[in-house]
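See the structures that follow.
The two complexes that follow have chain A in common; it is paired with chain B in the first and with chain C in the second.
Moving on, here comes the complex of A and B:
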């Protein structure tokens, strides 16, 4: 089962993405809105709206990974079992990539929708801040030497606790609302299926990458521990 | 509990007494802060309305920059004399060590802000003292937040070679909500509106200021509790 985890989730992601590409670009209608007098209104994005399916799917994973990393870091500090730390580190590594996708696709969306590549609109600020915390975590991991795991775990936990404050700080926004009664609920019939399939397939892709990364981090750590043990035992020079 | 407070008080008093004798950190921090204020006066155009808008940011950027320097130095002192181990071995709870450090660093950051705020008021003709008690409350809460989170990570980075670079890398993303709240609270206290003659007179926005003060209070409290809980597992030697 363990060995199948990566191929299985990756295969699911591949199938899901192929189907959702078809759903997004062929099946789902173009997005446009009408005023009461039957003229097109400002919310019409037409083809530009297609990036939404990728943007939101990646954003979900970015937010989720902050909590995955925070929770696993708590478990790591409590149990001192480095396996938890491997998961936290892997989740952050992959989430840095996903976060970059969120920010870039968000900018591409913002240009036609709001006329600017970047405004300091709350949801943008929040994604950027979370992404910066994750990038900081990666830097600490890389350069903090022997105590890197503890420092990074602390940063992940502080980052997770900071999320409600960031959320409160940014306040209400003009971003398309997410959640059950937000933009997802207003999606047209052809769009909803494409959206959820895209979310699920990118989630599978995320899980595949994280599991893969966990395996490589764990292998590297075990190799390092073995080497240290061998040095202590005098087997290695 | 009472004993922890007295023990923390002793640690803080020890730090402050060393500082009062050498005056190294406070002089260098305050001079650095003053230099920043001078640099701002070249960097920002000296127009009355622009300055009013920029002053809160100046104050908080100064606190962030000089605060990081002070935190780094305060812990370097323990490292240079190798007294951190002695502190951790002392027959007192580690919470007391952390709490004492946080108190003494709060005092340092506060002292520097109290030097820089009048300088900003002087160079930019900013009405910082019209709401002095509330502004002081904002600065105290801000300094405490910087000191609490800073102490946790400076203590864990003690043995790391690149700690001077990593400390801001860790702190700034985590402290952004604090800086935003502090800046907003200061800005609310500095709000001005034109009177009948069109001259700007101060017209503090107390509800907004109060909102951000509460935000700072909750932020400090949350991270203080978190630090209490996590400090011990982060600094194990």
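Moving on, here comes the complex of A and C:
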């Protein structure tokens, strides 16, 4: 079953993504609105709204992976069981990927929507900071030496604490709102199905990547142990 | 009968004389104009500015004349409708052209965003795959070497 986890979730993600792409580009209507005098509202997103379906899905998975990393780091600090640390490290690695996609696609979306690639509004700035914390985690794991796992676990918890602030940070910023009155809640017919299928597909993709990365981290640990055994046996010098 | 004929002739001749008199007036001016080498422009008679009361009367007369002819009012409405319809159509065409330009521009951004997403994901998967492959190969080599070393050790122990 463990061996099948990655191919199975990856296959599910591939099927889901294919269907969601069809739903996004063929089935879901263009987003546009009318002014009070019945003329076309030119500030409508039109085709640009198609970015939303996977930009937001990636943001959800970014938050999910940061929560997984934070929770597993707490468990690791409490139990000192390396298995928790493996999962936390894998989740952060995947979160770096999802965070990069969120920032890049959001920036591309912002250009036609706001007329600028980037503005330093609170939510964007916080998202960038979260991503930098995750990159910092990866660098600490790579270069901090013996106590790297514990320092990195602290960073993962710190990152997790920031997520609710990003999610709830609405008001003065120009980023579309989230929550009950947010964009997702107001999606029209034909859009909701495409969006939620996209979220489920990226969730499968996220699971596949995390499991694959965990296997890779465990293989690296096994290699370290084998090297030590080989040194003891005189196979390696 | 004779009397009436005479009266008719008198009236006719009188009217002819009168007509001739007025015609000679204009005719002399025209004649002198056509006869000479240079054309002297004739000053148009000045249009008297109507007084407000006269203007009101004129407007009334004009309105009455327009109302008297139902096709005239309909023609005015039709012309106004056609003009506004042309303007409305042009506005719609302009709005659609702007929207089409915007949609086309957004198409480029959507393609860019999708490309960025897939490129980042594919790079990540390739890096992980290569890393995993390298680790697995190294683990297999080390295991083989260790087993060989252990086997040699065992055989040496058995010999001794």
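Note that in this section the second predicted complex is superposed on the first by the 212 of 237 C-alpha atoms of A that agree within 3 Å, B and C clash if a C-alpha of one lies under 4 Å from a C-alpha of the other, contacts with A are read in each partner's own complex, and residues count from 1 in each chain.
Going forward, contacts are C-beta pairs under 8 Å (C-beta built on N, C-alpha and C of every residue); 3 or more make two chains touch, one makes a residue touch a chain.
Note that the structure is predicted; figures quoted are calculated from it, not measured.
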Between chain B and chain C, the one with more contact residues on chain A is chain C
Quick one: classify A:67 as touching chain B (first), chain C (second), both or neither.
-> neither
Examine A:196 and indicate which partner it touches, taking first as chain B and second as chain C; both and neither are also allowed.
-> neither
Chain A residues contacted in one complex by chain B, in the other by chain C = none
Touching residues on chain B, where the partner in the complex is chain A | 149, 152-153, 156-157, 159-162, 165-166, 169-170, 173-174, 176-177, 180-181, 215, 218-219, 222-223, 226, 230, 233-234, 236
Show which residues of chain A lie in contact with chain B when the two form their complex.
-> 77-78, 129, 132-133, 136, 139-140, 143-148, 150-151, 153-155, 157-159, 161-162, 165-166, 168-169
Give every residue of chain C touching chain A within the complex, in rising order.
-> 91, 95-96, 98-99, 102-103, 105-107, 109-110, 112-114, 116-117, 120-121, 124-125, 128, 131-132, 135-136, 138-139, 142-143, 145-146, 149-150, 153
Which part of chain A faces chain C closely enough to touch in the complex?
-> 30, 32, 39-40, 42, 45-48, 50-51, 54-55, 58, 97, 100-101, 104-105, 108-109, 111-112, 205, 209, 212-213, 215-216, 219-220, 222-223, 226-227, 229-230, 233-236
